[in-house]
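Here the chain labels run A, B and C in written order, and each chain numbers its own residues starting at 1.
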C-alpha cells in the first residue's frame, strides 16, 4: 500500500557541549501510521522527539543541525512561527502534566490558543476531544473540578485530549504509558490505534510488546544512532542488524 | 502571535528587567554610600581605642569597645547556639528519621520561632533577666542572642543534614555503629561544610542585630571585662553616635557602619569559601 | 583515650539531644508565657480592646492607647509590601525563566549580601539617602512639605530589607515547577509569556501568596531600621509623607524610661506580646495555607 511521507529527517545532529546526543539521523515517518521509536534508555529517543516540535529551543546548551521536513517545510529553519508550528503537533509526555486549571479549562485553554473563543463551539469541542481521548464518559459530571484530582491514567488521557484540541496533524508521545497502570495503558493504546486514521503518530517506548502490538513502522535507536528502521514485520520478524537482534532478544535494556 | 501579544510580552519583559536591575542597583548604592561615607572618617585611632572623655561631643577615642564587645557577644551566642542547636539538628535527622510527623511538627515550630521579630526576643530576654536578678551584661546579651539565632542555626543545619543519603546511614549501622555515633561521626563529617555555613550565618545574624541586645547587653565605654559586666555592641554604637547632633560624631557612625558591614561581608565571603573548599571531602552519591 | 565507654557516651549524647530539643520546641510557648506574665499588670487594669483601639498615649497619666502604633505599623508594612511584592515577583520570573543559568549565580550572592546587611546599617542608609531624597526631591516635586522622616521612608527601607527574604522563596518556588509543565504548555502553541501568565504563575500562586505572607510578618516586626527613619511621632498618619510610629519602635525607644513610670514596663511588654501574636498568627496561617494546598 502506498503511503506518503509526513516527516522526513535528514542528517540530524544534536550535541550538548562535546557530547553528541544524536548522530546523523535519517528517518522517514509515514502519514497516518504509528511509528514507534524504540531503544534502551539514553539512546536519544526523547531528544529526537523534542526536536520535532522545537522544544529544544528551551535548552540553550543544545546545538541542533540538519533538516526536519514536515510537508516540505524545514521546521528547524522556521524562525517566526514556532507557535503555529507546535500547534501542528500534540505532545504527550512520560507523566501527565495537567495545567493548573479545571478539567474543562485544560481543553478550553488549548482551544483558545487555537483561536476559538465562541463559548458554544468551545463547549462542543471540549466534549468532542474528551470523547476522542476515551475520557468523556468517566468525567462528564466533573468538568469543573481541578484537573489534578483525576487519577494518573485519567490525567494522561486528559493531556491527550488537550493535545488533540490544538487540531494537530501529528501526535508525539514520549513513553506515555510508563507511569500508568495496565488498564489505563490499554486505554491509551486503543485510542492511538483509533486515532491513526486522522493523525500521524510518533511513539517513543521501551516496552517491546507495546511496539509489537500497535506499531506500523519501527525505528530502533542505540546510543544516538539509528540502527534499523522498517515495517514492524520486517524489524521484529527478520531483524538485519546484530544489535537489533540482541535488543529484541532482551540482552540489553 | 498577534501584535498586541508581542507588545504585552515586551512590556512585561521590560518590567522584569527593570525590577531585577533595581535590586542590583539598590545593593550597589547601599554598598557605595556606606563605603563612601565610612572611608572618609575611619582612622586607626577609631579601631584601636576606646572612647575618651567627651567622645560623644567630638573629642578623641574610638570604638574598640564596641568592636570587641560585638565579637565577644556574637562569639558567645554562636557557641551556645551551636552546643544546643547541633544536637537538635542531629536528633531530628538520625533519631527521629522514622517519625515523619514529629519531625514535621518540630520543623514547623522552628520556622515559627525563626519568624519572631528580634525585638520580641529582646523584651523576653529583658524579663528573663529581671526574673533571674541579672543586670544588663554580656551574659544576658549572649543568652538573648542565643535564643534569637538558635532557630536560624538549627534550620540551616537541618537543611544540610536531611540531604545525607539513607544509604550512608545503613552502611554505618551495618558496621555496628550506634545512633549517636552515626550522628556525631558520620553526619557531621558528611555535612561539614554545610554546618560551618550555618554557624557563620548565625554569627552574622548575631553580630548585626541591635534590637535583641538593646535591653540586655547594656552599653559601656570600657572594653568587655567579664560575663556579668555590661558590654558595648557595634550596632548600638552606630545608633547612639548617629543620634548625636555633633557632625564629627555622626561621621564616626558612618565609619562604624563600615566596620560592621565589612565584618559581615568577610564572614559571608568566608562561609562561601569554606563551602567550596570542603565540598571535595564530601562523598557524592 | 575517652573518659566514658561507648554506651555511656551514647547515653550522655542522647540525653543532651533531648534536653536541647525540648528547649527549642518549648521556646515559642516560653516566649508567650513570659511576655504575658510581664504584661499581666496592664491587662489587669485595662481591657485588650481598649488598649488596642484607644488613641491616647500618655504613660505618665496612665493612658496607654496602642492604636497609633498599630496603625503606623500597618501603614509601613503594607506600603513596603506594595514595593516588595511586584519587584520580587517580576525578578523571580525573570531570573528563572528568561536568563541563562550564570545569571542566577550572580543573583544569589547579591541576595545573600542584601540579606546579611544589618538592620542598623539599613537605617543609616535610609537617613543618608532616602530621607533627604524624600524631603528635597520627592516631596517638593509632589508639592508636599515633608521632613523626609516618614512612613514612606520607613516603608522603602523596609521593602529593600525584606526583598532578599521574599525573593529567595519565590525563586525556589518557580524552580520547583517541573519543566515538563512548561513544555506541555508550549507544545499547545502558547508563547513563553502566555505560559508564564496562564500556567506557571497560576501553579505557583499559593506559594507566591505564602511568600508575601511570610514577608509581611517579617516586615511587621522589623525594629531598628524603621525606628531610625519613621519619625517617631505619636499621631495617626494622614499620608505616607507624614511621620509615624510603629510598635517595635515604641518598645526600642522607651526601654530606658520604662522602669520609672508605673505600668510602663507592662505596656511595653504588652506591645512585644502583640508583635509576637501577629508574627505567630501570620506564620501559622501561611503554614496551613501551604499544607492545605499541597494536598491537591
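Here, a contact is a pair of C-beta atoms (placed from the backbone, for glycine too) under 8 Å apart; a residue touches a chain by one contact, two chains touch by 3 or more.
Note that this is a predicted model, so its numbers are computed, not measured.
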Top contact pair of chains, counted by C-beta pairs? B-C
So the chain most remote from subunit A by C-alpha centre is B
Distance in whole angstrom between the CA centres of subunit A and subunit B is 52
Taking each chain's centre as the mean of its CA atoms, subunit A sits from subunit C at a distance in Å of 48
Centroid of subunit B to centroid of subunit C, CA atoms only: how many Å? 17
Please set out, as single numbers or ranges, the residues of subunit A touching at least two other chains. 83
Check: subunit C positions touching at least 2 other chains come out as 191, 194
Which subunit B residues touch at least two other chains? 1
Over in the complex, which subunit A residues touch subunit C? Could you list them? 50, 53, 55, 58, 60, 83-84, 86-87, 89-91, 93-95, 97, 99-101, 109-110, 113-114, 146, 148-149, 159, 162-163, 165-166, 172
Any idea which subunit B residues touch subunit C in the complex? 1, 5, 8-9, 12-13, 15-20, 22-24, 26-27, 29-31, 33-34, 37, 84-85, 87-88, 90-92, 95, 106, 108-113, 115-124, 126-128, 147, 150-151, 154, 178-181, 183-184, 204, 207-211, 214-215, 235-236, 238-239, 242, 253-254, 257, 260-261, 264-265, 267-268, 272
Of subunit C, residues touching subunit A in the complex: 100, 178-191, 194, 198-199, 202-203, 205, 296
Subunit B partner, complex, touching residues on subunit C are 6, 9-10, 13-14, 16-18, 20-21, 23-25, 27-28, 30-31, 34-35, 37-38, 86-88, 90-91, 93-95, 98, 107, 109-114, 116-125, 127-129, 160, 163, 167, 191-194, 214, 217-218, 220-224, 228, 248, 251-252, 255, 268-269, 271-272, 275-276, 279-280, 282-284, 287
